[in-house]
Structure formats: structure tokens, C-alpha cells
Amino acid sequence: MSNTIKKVAVFTSGGDSPGMNAAIRSVVRTCAFYKIECVGIYRGYEGMIEGDFKPLTARSVKDIINKGGTFLKSARSDEFRTKEGRKKAYDALVAENVDALVVIGGDGSFTGALIFNEEFGFPVMGIPGTIDNDIYGTSHTLGYDTALNTVVDCVDKIRDTASSHNRLFFVEVMGRDAGHIALNVGVGAGAEEILIPEEDLGLDRLLESLRRSKQSGKSSSIVIVAEGDKTGKNVFELKDYVEENMEEYEVRVSVLGHMQRGGSPSCFDRVLASRMGVKAVESLLEGKSNYMVGLLKDEIVLTPLEQAVKGKSEIDHELIRVSDIMTT
Amino acid sequence: MSNTIKKVAVFTSGGDSPGMNAAIRSVVRTCAFYKIECVGIYRGYEGMIEGDFKPLTARSVKDIINKGGTFLKSARSDEFRTKEGRKKAYDALVAENVDALVVIGGDGSFTGALIFNEEFGFPVMGIPGTIDNDIYGTSHTLGYDTALNTVVDCVDKIRDTASSHNRLFFVEVMGRDAGHIALNVGVGAGAEEILIPEEDLGLDRLLESLRRSKQSGKSSSIVIVAEGDKTGKNVFELKDYVEENMEEYEVRVSVLGHMQRGGSPSCFDRVLASRMGVKAVESLLEGKSNYMVGLLKDEIVLTPLEQAVKGKSEIDHELIRVSDIMTT
Amino acid sequence: MSNTIKKVAVFTSGGDSPGMNAAIRSVVRTCAFYKIECVGIYRGYEGMIEGDFKPLTARSVKDIINKGGTFLKSARSDEFRTKEGRKKAYDALVAENVDALVVIGGDGSFTGALIFNEEFGFPVMGIPGTIDNDIYGTSHTLGYDTALNTVVDCVDKIRDTASSHNRLFFVEVMGRDAGHIALNVGVGAGAEEILIPEEDLGLDRLLESLRRSKQSGKSSSIVIVAEGDKTGKNVFELKDYVEENMEEYEVRVSVLGHMQRGGSPSCFDRVLASRMGVKAVESLLEGKSNYMVGLLKDEIVLTPLEQAVKGKSEIDHELIRVSDIMTT
Amino acid sequence: MSNTIKKVAVFTSGGDSPGMNAAIRSVVRTCAFYKIECVGIYRGYEGMIEGDFKPLTARSVKDIINKGGTFLKSARSDEFRTKEGRKKAYDALVAENVDALVVIGGDGSFTGALIFNEEFGFPVMGIPGTIDNDIYGTSHTLGYDTALNTVVDCVDKIRDTASSHNRLFFVEVMGRDAGHIALNVGVGAGAEEILIPEEDLGLDRLLESLRRSKQSGKSSSIVIVAEGDKTGKNVFELKDYVEENMEEYEVRVSVLGHMQRGGSPSCFDRVLASRMGVKAVESLLEGKSNYMVGLLKDEIVLTPLEQAVKGKSEIDHELIRVSDIMTT
């Protein structure tokens, strides 16, 4: 492997997600395995600019594989959006003798890395970490599987109370641009209807579906609504609309919120993080740069960062069909 | 034991809570043990009026001790608030040969039972089921312990993301009239501040406390807010107020909502439900009426229903003091 | 679609696994969607012989998607291994007007279905349900993902006590013929060593690895052992062997046992079950028979049952490599 | 308050239990609140002898309230059983200017503290930490409530597979000298029979009970067995005995093992730990010594350590009666 890279820096950026700690651990241990140095950068690009670095050894990352969040913390950085900010960051990295970067985050974080690479020729590798699963080039982002379990567990709990009271619940889940969580949780929790950004179900069809559900003898119903659903109404407006148009139902709203991002990662996310960290470091050592590590058809593969940023993760249309059959 | 009671009816009323199914099971099995009949009434007082009864045997209630919600369902009944409604309910019970009632619910449900007993002399026993723990005459209502664990688990998850981003979170938990959940979860989750209906912390002291917390080096903070807190502001107004007055913090709000009511009951709630159901049926068989079964100082005791309805469950002031020490 | 199939029977066979109920539900609802009848067979082949059938409608399977186990129950059947037994089963199916079978289970269950098809030309479709993930033709069997999370959660708990006491734990997990659970949980829980049936690590290398781990400053260690590991020793003999050869360690053993099979299915398993059930029924309606529905490279595909039975699911050798790097 | 105590040392000893970290945190923060110093002693009496101390501030204990195990670790110490060992420990404490000790542990740990106090007049306070709940002077030891939830959750999972296969399971739970876990989990998980050290059910009555259970139509059964049950047989011998005498049942055994000690503490245990830590430090500051902090009838109280060590925690006979009614 290449011996031009002697020190790798790893950081997390953007919204946190379960599995980020496991990915940091993997990057650190892979560096240790190949006997190269590793530093952690605190608070993402902000900390990079400020030189907030800390050497990490195999021992530094023990007992974190099962922890939610990111111990390196994350932050937005307005300064990194300026050329001056990025220059400062570059100088800090050079001063620390860092040769390459592994960034764990989402679209915005990757865009920053791309520009940084373009300006300073700094080798960068991306690992997709976000619960929304809205990144092109990977079937699963880190934290997505965990979030599915967290959300399905919440909806199961809401089902308890919905069933006890014959109520209709609108449950808003994360996903501003992508309905992956809503669709999978909707199927997994047996929701009666699912509203996602990718599909315009239309308010009329929603009412019709709820009426049919009521007539078929269902006494309670759960509708999963992605934050960015296409009806153009937010979840509280939806409630009002349905209550105005269907007196049969007493409607309740639940916005699950930030707890969806937290929690101990699932086994899948821990294993995925471990695999991605190895690939990221080994790819850098092979002289590669500007790629995102992803999982496609069960294999760990590289996608050019530029494609990852520009491409769009597609909703699973076959699963929409399955969902329709399940709610017959 | 008395042989005037040959058939007991059990029902759930008001908001559901984890442990209600376990309490129904206990009532049913205790009836079976004493070789008397038991019927379940569906949908509370509404079902009582409609005669929506179902005979329950020891077998009918297998595999429900660990289920959230109530399989007998619950409902509000406007009709039961009228004398005519209650007469219908009485006639339905007489037609079914029911001799006594066990009502599992909260204040409102007990008030209904009291009036019913006054008018028709029907023996009634209450079992306190609500997550809010706001009932006089018992240290623990059914579902309260489970809700504490559910909520503390959510706040742990929010802590993951709060810590990763150095943010301030306001987390609203259930408790319109009582701060038990907020106070205990606040201590259990290590919250920096706790706002409850029983105490007027005052907005100034909140700001001061948050500033002190920031200065002491804490980079993230969690404030637990009971629904009915004394500041007179709801949780979103609180957010605005703090953001206007403290620019150091990026504030996020999370309203946990109805999921707090659901989920498989904790071992404590299952055992408590089992003990309460036995006591309710045995007390009826001893000829007692108009009592609520409660847990006081670890013992199962009876409190007159009238006191249970009129009395007020007190917040644990010693625990407020502990909370203050913990957030030093 | 074919209109020769008017009634489908579904049953579970062999060891139960989380997701079986979700798969039954999906088969039932897909039948409802295509307006064909569906019956459930209780207790697998045993119930088939006895004609223990029950008509299932979309309503019959509500509220089971999140339940572990199988409400249709499972059983071994010695009688079905005889030609007479299978004839009885055939007669019972014909008497019930069943046109096709969906069997949810593992290798043994599929073998039974194959023989039955051969003898009576009865259309059969298989859905792989077992936590062991040891079936050819699918990357994931139903229940495997759930089991990974259950087991990783147990190992996290054992880690708490191992770390507190500087102890070495051998944790035996399920997997008599396949090390999938052991390998993934080993990586996911950060185990120091993993012993699986597919690889002969050798006792010497185990001791060496534990010594190295001790020397590198680790004060506690966890070794994951698959039931069928290659050392030829069971987990208690392993403990004795290590204690005899390494006095540095106080060794403890934990055999996780049957709880690994239970619990509410993960979101992944619920979605997978829903997808598989749709495919199974639609394939029968298309006139196909003798296939197993599987997931390969994220797509739902068919594999001839015969191949599924004869083929061998391969361990992920790349993940073994990742594991070695992680335990550097 | 007394100003003779300027520095408190806290340590954990014996088996770890969930809530120990929360108790350490509480001791540390209470010291901070009263502006006295606090040091942590690593590895119990062993570390005390070796002077393995670390100053702890309010910041040192952040983010540990929800962690299982004990970050101060625990260990057995043969040397502390000798007078020389205890003299070394005393010298180390004096060298560190420690004025008083808070020991978190069980009977054995308290006995050590008593002897130490007798020999050197060193002020000591005990906090009961063990999942077994076998300590006199407190209705709840730290970790007991958490363990109940962990174990009931395991038994729920085993129930899934037991029900699916019509099997009889013997589940061994912790409790060598006390059946608290077995009794409460038995009631909470709806076990058909419970075998505890405090009661000699007798093998004949067990068989009779299982036969009655079978005849009443139960197809699966779960028997909870405390480690130290009175039958004189271990759980595997029990299995053999039952299989020899009842061919109706296929018996399986599950020994839950060390995972029962781990996991994130329940809200109850976190709050209890917080309350106990405050009381322990405040009592020392009031000049008290040789007490154990306990919870009795919902109040935090002191019991002389000597009584705590000599007394016996009683099984709840009323709950045994409830259990008998539930399994009618």
C-alpha cells in the first residue's frame, strides 16, 4: 500500500446518527492496523479551522461502538463556506501533518470536502452518516437501520393507545427530502396510510382510504407522514383537514422529533460502520481520493463523491406496491 | 367470604396505560380462583350502557400480561354523564346478572363510579390506571413506572444528539396537573433543569440556571418540561423566550406525545397490577365497596374512592432538593 | 394471473423465528388482495395431517406484525416422514379445497415440501424463516436481523459486568452449522475473538490472541462462540482449557440460549416478511411451484427449493478480515 | 454541617449492578454541592490498598448516570481480609487525606467496611448495590429494579418460542440466597410455577402443578427457578426429573446468566441512586458513621451497617399468595 499517507484525520459533520462512533472506531483501528497515525477532529469543519485535533489510538476508541451520537461532536461552520475559512483549515491540517481526511456525514459535508479537495488537493474519503438514507451510492446510510427500529418501536407504542381508544393517529417521522423511513416504518408498523415526499397521494385519496379502512371494520388507524410529504400541508394541518372532512375520527398527532437520531446503533449499523471504516482507510492508502464508501447490493463499493452529492437516492417503488397490498 | 357476589364486571376507562391488561387479567383470575364469574365490559361506560359484555375466563386472559394498552378498550361517554345513561347502564348490568364492578382508570372514571354507586347502590372498586401518577391514595398508579422508563429512554436518545451538537433541548413530557414524570425523569436522565406544575421556577431563574450551566463548561443541556408547567408558556414559547434572551444556545424542542402511554409494562407495573386485581376482587367479596386499591409504603391498601377523587397527590419535595444538588 | 389457484394454505414449520407472524400476515393479505381464499394450518406438518385448519382473513392477522413466535405454532412431525402420513396430509388438504402451500421454515421444512410436491404434484412455495441465516438462496432469513440485535444487546450487557471486573467471558450464541450470528455479533459488539464453525482458529491461536489482548492493556475480553465452533470443545471445556493455560484470566461462561429466538421483529424483518409473502403468493398465482423466496442483493428473487436445500450459505470472509482488523 | 470531613472517597465493591455509576455520580455531586473534595477508588478494597485513587469533580461524572456497570470497577481482595492489608489501605487513605468512605456494594463489602471502621475508626457509609435485593434494611437494592425488567424481557422472549412449540421451559435466574427476582419475574412474566430458596415447593407438587396446568389446556409452560432453589436439584437435574416423570412435555432449559447484571439502569434505579448518594454524604457530614442508606416504605433511611449485614431480607409472602392465585 501507499506510504505517502502517514496520518489520517477523521471527523463527523452535519446531523449526528447512530453508528458514527462505530465508524470513527473503525477508521482509527484500521489506521492502527496499517501502522499509520490517526487524529480526530472535534466539531467538524469548525474544529478543523480551529485546529481542535486529538491523536486517537486503538485504546481511545474502546467502548464506543455501542454509543449513539458522535464523541467527536458535530457542528455547522459558516466560516468553512468562505475561502479564508478553508485556507485556515488547510493550514491547521498541514501543521498537524495530516495527509488525508475521512469525513462522516451527509450531502452538505461531502460538498465541503469536494470543494476543499479541489482547492488544496487534499485526499478525502466520505462515509455516509445520516438516518434519512437520502444519499446516492449506498443502499444504507449509517444510522438508517437503527432509526427504523427506533421509529417502529415508537409507532408500536402509539398503536397500543390508538387501539385502546379507536383513534386515528398522524405520526410525523423524519425525512424532509426522502420518504425511506416513512415507507419502511409504515410497512413495518402496519400503518394504514403512508405520506411521503416522493409520491403525491392527494388529500382526496387519503380521505377515501381512511373511509374504506373504517368501513372494513378497523377501529383505529395510523398514518405515517414524512416531514416533507407532498400534500403541501404539515401534519397539524392534515389533522384539521381530516377532522373537518371525517367526523368518524378523533385525530391525534405525534411528531417523533429528535429522539429518532439517537440511541445505541443496531448490529447492522455497527457492522456496516466497521466495514466502511476499513474501506475508507484502505482506499486512501491505495492512493484513491474523492470517493464515498457505500453499500450496494450487499457489497462495500466506492462512488465518486461528486456523484454521491449530485445523485438522488430513489424510493423503493416495489415497496410502495407491497404497502398497498398490505393495507388491503 | 361473602357469597352475595357471584359475578364481577371489569372495565377500563379514561386514558389507557401500560399494566391495564395485567390488571384485567388479575381480576379475571382472582374471580376464577374464588369460583365466581367475571365479565369484561368493552369501551368503558359507553359499552356498559350498550351492554357490550363478554364472559372472561382464566384462559381468555393468557398472553396479555405483557401487552400495552387495554384489550377491553376505553372510551369517553357523554351519555353516562346523564341520569338516563346511567340508568341504561344499570339495567344492562342487572340483565347480565352482574353484582359488582371493578373500574380501572383515573379520577374521572372514579367519579363516574361514585355517582353510579350512590344512585344504584352498586358495589364498586377502583384500580388506579394512568401514567401521570396524579391520584391520591397510591404512591404508584399503573403505568407510571413504565412511562418513566419509556421517557428516560427517549431523553437518553435526545442526549446523544444534544451532546453531539452542543445544543439546548426542551423536552415536553406528559403531566398536565402533576410533575411526577417530569421530576423523576429529570433526575433520572440528568436534566439540567426541570419545569413542573407544582413549582414556579420563574423564567428568570431558568435563564440564570442555563447561564450557570453554560459557564460551568456544559456544552449541551436538557430541560424537562411538564405539559402543565407553571411558567404559563408552552414549550415552543419557552424556546422563543430563551433564544431571544440567550444567544449562546441553539434551542430545539421535542414533544414526546402519546408514545409515552404505550409499550409493554415494566415488571413493577405487572406485579403491581397483579396485586391490585387480587385486592379489588377480595375486597368486593368481603362486602366492601367504594374504595380504590392503592400502594402506600409498599403495602396494598384501600382508600375511600371519595378521598381518592378529592385528594391531591403530592410532589416529592425531597426529590426536588435532590435534583437541585445533582445539577450543581 | 392464474385462476387455477383459489385457496392457499400457509403454515410455519421447524424452529420459530421473529418475523414469521409478519410473513403469515403478508400471505393472508396478499390472498385477500387477489381475492383468493387463505387458510392457516396449525402446528406445521402435524396439523396438516390432522386437518387443523382455520380460514384467515385480512382481519384475522391484525396486530400480529410486531409479535415474536408464530401464532400458527410449529411442531415436528414424525408421521409426515412416512408416506402414509403425507397421504393423510394430502387428503386433508384436498378435503379443504386447498390448491397450494406456502411453508415458512428452514431446510428440513423445505425438504418435506419438496417430497410432498414430488409425490402429489402439490404447488409449494417456501419462505426462509430461521434466525441462523443458514439457507442458500437468500442473504437474510426471517428473524436473523432481529436475532443479531437481541444478541448484540445481551453482549453489551455482559460487557458492562466484564469491564467492571476485568474478566474474560465466553458467550455462546446460536448457530450449530453457521457462524453468521457469531461473526456479525462479534464485530458488532467489539468482541476480542470469534469462534465459528466455518473456521478452525485453533486453540493455540486463541490463547495467543488472548495473551496479546491482555498485553495491549485490555482488562476485559469477550469471546463469541458459535454453538458449532470448530475447536471441537464446547464452551465450558473452552473455559477450563483457557483457565488451565492462562492464569491471568478469571473466565466466565454465558450461554444465551432460546431467548435469541424470541422478541418483536426488527423493522427490517417485518418489511422483509411483507415483501416475501407478496412474492410467494404472486408466484403461485403465476403458476410457479417448488421455489423459495429469497433476498439477494436487495432484490426479492426465487431460488429452486431443491437448490435452497442442497446449497450452502457461505460465511462472509471479507467480514472475517474486517473483524481481524478491528481487534488489532 | 460538620466541617471535620473535607474529603470523601467512594468506591464499588463486590458484584456490579446497574445504578452503581449513578450512585457514584450522586456522591460526587453532593460533595461538590457542599464544597468538599471527592476521590474515587478504583477496584474496591484492592485499589484502596494500592492507593489507586482519582479526584472526581462534578464534570468527571457527566454522562454516566445511564451506564451499566461501574466505571470505578470492582474486584475481590484477599489482602484486605488480612490485618496487614487493611493497615496498608488505611495508610493510603491517610496519605490521600481522605476523611470518610462511601462503599457501594453488598453484604461482603459492608462487612469489610465494618471491620475497617472498628480497627481504624474511619467513618464509613454503605449504599446497597446488588441485583439480588438480598440486603436487610432496604426494600430495594440498586440494580434490582433494572434486573427485574431485564429478566422479564428475556422471559417474554422465551415465551414466544415456548408458545410456538408447546414446550415447557425451566428458566434459571439469579438469586443464590434470595428468590426476589424469581418471585417477581415469575408473577410479572406469568410463569406457571416459581421455585425459590425460601420455599420448599417439593418435586411432587411441581409435577402435580405441571400436570394440572397441562390438563387445564395450557400448551406451554414456563417455570422460573432461582439459582438457589430449595429442591436441592440444579436446573438441568430438574429437567431430567420432569422428563422422566412426565412424557407429555418436551423440556428446555435456559440459564440467563451474567447479562442479568448489565444494562442501562431503569429510571427507578437512577433516581434511587441519586437519593442514596445525597443521603450518604449528608449523613457523613452530620457526623454519622457505620450506617447503610436504604429505602424503606418509600423513604430514604439509615440502618446500622451491623444490622444490615446480620439481618435477612424477607421474601414477600403475600406476593407468593398472589402468584398462586394468578396461576389458578
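We call the chains A, B, C and D, going by the order they appear; numbering starts again at 1 in every chain.
Methods note: a residue touches a chain if its C-beta (ideal position, glycine included) is under 8 Å from a C-beta of that chain, and two chains touch if they have at least 3 such contacts.
Note that the structure is predicted; figures quoted are calculated from it, not measured.
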Touching chain A and chain B alike: which chains?
-> none
Averaging C-alpha coordinates per chain, one finds the centres of chain A and chain D separated by a number of Å equal to 39
Here the gap between chain A and chain C, centre to centre from mean Cα coordinates and rounded to Å, is 28
Scan chain C for residues touching two or more other chains and write them down.
-> 156, 159, 163
Have a look at which chains touch which and call the overall pattern line, ring, star, complete or other.
-> ring
If two chains touch, include that pair; go through all of them.
-> A-B, A-C, B-D, C-D
Considering the complex alone, what residue numbers of chain A touch chain C?
-> 25-26, 29-30, 32-33, 58-59, 62-63, 65-66, 139, 145, 148-149, 151-153, 156, 159, 163, 184-185, 187-190, 216-218, 264, 266-268, 270-271, 274-275, 278, 297-298, 300, 318-319, 321-323, 325-326, 328
Please name which positions on chain C make contact with chain D in the complex.
-> 12, 15-16, 18, 20, 43, 67-70, 73-75, 150, 154, 156-166, 169, 219, 252-263
